[in-house]
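Working notes for the structure below.
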Amino acid sequence: MNKFVKFGLPALTLALLGAGWWLGLAWAPPDREMGEVQRIMYVHVPLQWMAMMAMFINFVAAVTYLMRQSWKTDAMAEASAEVGLLFGTLGMITGSIWGRPTWGVYWSWDPRLTSEAILLVSYTGYLVLRRFVEDPEKRAVWSAVVAIIGAINLPIVWFSVRWWRSLHQVQSSPKTVDPQMVLPLRVSAFGMLALLILFMVHRYRIALAERKAEVALPEALPTDDPALRASHSSKVA
Amino acid sequence: MPPLPSGSAPAIALHDVSKRYGRRWALARLTYALPAGRSLLLTGHNGSGKTTLLRLIATALGPTAGRVEVLGRDAVKDRDSVRRDVALLSHASFLYEDLTAQQNLMVLGRLLGVDAPQDVADALLNRVGLNRRTDSPVRGFSAGMRKRLAIARLLMKAPALALLDEPFGELDPQGIQDMEGVIAELKAGGTTVVLATHLIEQGLSLCEERLHLQDGRAVVA
Amino acid sequence: MSAPKPRRSPGLLATTLVLLRKDLLIEWRTRARLNALVFFAMATLLLFSFALGPDTKLLERNAGGYLWLAILFASVLSLGESFRVETENACLDGVRLAPADARAIFLSKALGNALLLLALAVVLVPVMVALYGVRIVTGVGDLAGILVLGSLALSAPGTVYAAISSNARARDVLLPLLLFPLVIPALLSAAKGTTLVLQGDPMQQLGSWQGLLLGFNLIYWGVGFVLFPRVIED
C-alpha cells in the first residue's frame, strides 16, 4: 500500500494523464466550430469532474463525522475540501481561458459558472473557519455543520441562478462531443482521478498527523502506555 | 423532584475522567467518588483543573474520555435530567448585563417553570441583600453585587447539588460571612455542596470531604 | 429556605417564547444600539445613490436589490450582536444549564433576529421610496410577504453561523464570509421579488420567487433546528 502510494500511484497518474493529453492534443480531431482551442477541454472537464467528486467526499465525510466522531473523517473532510478547492479553482481558470476565444468573454453569468463560483467561495469560508478555531473537537464539529449547510445550498443556488438568468437570455454552451473526443476525455478523466487520489492521500495523511499532534503532545498525561503512566504518577505523588 | 436519596448512589462518581482543551490536558484520568450526603472541598492552584471539573459535573462540558455520574445519572446520556438538579456558581456570572436584577432572575424562573416567578425573584433578592437594586441593570453592579445576584440565581434552582466555583472571591468580609450563611443553609436544606476555593479554612469548616487537584490529577491531601 | 418547587419544565414552544421575550426585552433596553443599526442601513441606501452617480433611472430599476443589500449588511451586525450579548458573561451557558432545549435557543434567536430585520425593512421601505423615486405597483400585501419571507430566510442560517463565529477568532470577518455565499439564493429571490413589486409583474413571476424563498426557509429552519444543538453543546 505504502509503496503503491509512493511510486505506483504517481507513475499511474503520469501515464494516464500523459496518454490522455497526447490523445487529446495529437490524435483527436479539432472541434469543427471552436477549432484547436477546444482541446483545453481535456484538462478543464476532468478538473471540474474531480472537483465535484472531492466536494461530494467532503459532504459525506462531514455527515459521517457528525454521526460518529473520528479524526479520520475530520482529516478526510479537510483533505477533500482543500484538494477540491484547488481542482475547482484550476477548473475555473481553464474554463475562462477556454471561454475568452469561444464566447468572447472570460466570464459569463450562466448558472453553471455562477454556482461554481459560489461553491468555491463557500469552501474558502469553510477552510478559513478551520484555520480560525484552535480547539480540534470544536473545529471538527463546526466545520462539519458548515460543510453540510454549504452542500445543501448547492442545488438551491443552481435552481435560483437558473431562474434568475432565464428571465434575461439563455446562454447556451454547446457541448457537442465527437466520438473521437470521448476516448481522450475518458483517459484524461481517469488520469485526473488518479491525481485526485494521490493528492487526497497525501493531504489526508498530513491532516491526520496534525490532528494526532494536536491531541497528543509529549506532556499529554493520559497515555495508554502503562509504563509512562506509572512514571508520571510517581513524579507527582 | 426530591433530593438525592442519601446512602444509595454516590453524589458524584468520576470514572477515569479526562478533559482536553486543544493542546492541554486540564484533567487527566481522574477517578473519585463523593459519598451521598457529604460535601466536598476542592482545592488546588490556579489551572489545576478545579473549574474544569466543576464544569464537567455541571454538564457544561463533556469529558474527552471517561464517565461522569452525577446523582446516580450519566452526565452525558441523562444530561437534561442532571441539569435540572445541579446548579453552578461560576466565574462567569451568567447574568445579562442589560437586564435588571429582577429580570435576570425571572428569565431563569420562567425557564424552570417556577410558579409566580416575580414573587420568587423578589424573595431571593431580599435574601441576598439586593432588594434595593431590584430594578437596576446589572451593568452598573459591582463585582460583589454580581456575586450576590449569581448566588440568588443558583438558589432559584433549589438544586440537589450546588457547585460553587470560588464563591468567596470578590466579596468583602461581610459578603464572605453572608456566603457562608447561604452555604450552611443550602446544606441544611439537603443540598450537596461542592466548593472550590482558595480560602481553605472557610472551606474545611463547611465540607466533610476534601479533594486536592494538581495538574489535573487527584492528590491525596 | 423557601424552595420554589414544585415545577413543571416548560415545553419546547414555551421555552422558545421565554427566550424570545428575553431577547426582545434586551433589544428594547438597548434601543440606542437598535437606532444605530437603522441609521447604518439608511446610510447604506444613501451611499448606493452616490456610488452610482445621479442616474435616477438606474437607481429606480435596482431599488429592490439595494434594499436587500442594506438589510443583509445590517443583518451581519445584528446577528453578531445577538450572540455577543450571550457570550459576555457566558449567558448562553447559563441558559443551556438552566436547562433550556438547544433547539428552543435556535428558534428564539432566529425568530428574534427575523423580527428585528423585518422591523428594519419596514423602516427602510419609505426611505427607499423617497430616495430612489419608486412606487409600490402590485400591492402592499405582496411587498409584506417578500419582506417577511426574506427576513426569515436571512436569520435562520445566520443564527447558526453567528453561533459558530461568535466563538471563533476574527468573528467579524468570519460571519459574512460564511453567510454571504449561503444566502445568495435568498438575496436573489427577495431582491427579484421586491423589484417585481416595484416595477410591476406582467408575467406573473412573483409567485415563483416567493415559492423559492419559502422553500429556502423550510430547508434552513429545518437544518438549523437539527444542527444547532451540535454547534453549542460540548
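To keep things simple, chains are lettered A, B and C as they appear, and every chain counts its residues starting from 1.
One rule holds for everything that comes next: contacts are C-beta pairs under 8 Å (C-beta built on N, C-alpha and C of every residue); 3 or more make two chains touch, one makes a residue touch a chain.
Here's who's who by UniProt: A = Heme exporter protein C; B = Heme ABC exporter ATP-binding protein CcmA; C = Heme exporter protein B.
Computed from a predicted structure; not experimentally measured.
Undergrad: Going by average Cα coordinates, which chain is farthest removed from subunit A (Heme exporter protein C)?
TA: Farthest chain from subunit A (Heme exporter protein C), going by C-alpha centroids: B.
Undergrad: Between B-C and A-B, flag the pair that has more C-beta pairs in contact.
TA: Output for the comparison: B-C.
Undergrad: Suppose each chain is reduced to the average of its Cα coordinates; what separation in Å results between subunit A (Heme exporter protein C) and subunit C (Heme exporter protein B)?
TA: Chain centres of subunit A (Heme exporter protein C) and subunit C (Heme exporter protein B), defined by C-alpha means, are spaced 32 Å apart.
Undergrad: Express in whole angstrom the distance between the two chain centres, defined as the mean CA positions of subunit B and subunit C (Heme exporter protein B).
TA: The separation of the two C-alpha centroids amounts to 36 Å.
Undergrad: Just give me the whole-number Å value for how far the CA centre of subunit A (Heme exporter protein C) lies from that of subunit B.
TA: Roughly 48 Å separates the two chain centres.
Undergrad: By residue number and range, which residues of subunit A (Heme exporter protein C) touch two or more other chains?
TA: Within subunit A (Heme exporter protein C), the residues that touch at least two other chains are 134, 137.
Undergrad: Which residues does subunit C (Heme exporter protein B) have that touch at least 2 chains other than itself?
TA: In subunit C (Heme exporter protein B), the residues touching two or more other chains are 234.
Undergrad: Across the complex, what residues on subunit C (Heme exporter protein B) touch subunit B?
TA: Residue positions touching the partner: 1-10, 14-15, 18-19, 21-22, 25-26, 29-30, 85, 88-91, 93-100, 233-234.
Undergrad: Any idea which subunit A (Heme exporter protein C) residues touch subunit C (Heme exporter protein B) in the complex?
TA: The touching residues are 66, 118-119, 121-122, 124-126, 128-129, 132-134, 137-138, 141-142, 145-146, 148-150, 152-153, 156-157, 159-161, 163-164, 167.
Undergrad: Could you list, by residue number, the parts of subunit A (Heme exporter protein C) that touch subunit B in their complex?
TA: 134-137, 214-215, 217, 219-222, 229, 233, 236-237
Undergrad: For a test of understanding, state which residues of subunit B touch subunit C (Heme exporter protein B) in their complex under the given definition.
TA: Subunit B residues touching subunit C (Heme exporter protein B): 1, 58-62, 79-80, 83-84, 86-88, 90, 92-99, 103, 107-115, 120, 123, 127, 137, 153, 155-158, 185-186, 189.
Undergrad: Within the complex, which stretch of subunit B touches subunit A (Heme exporter protein C)?
TA: 18, 20-23, 25, 28-29, 64-65, 214-217, 219-220
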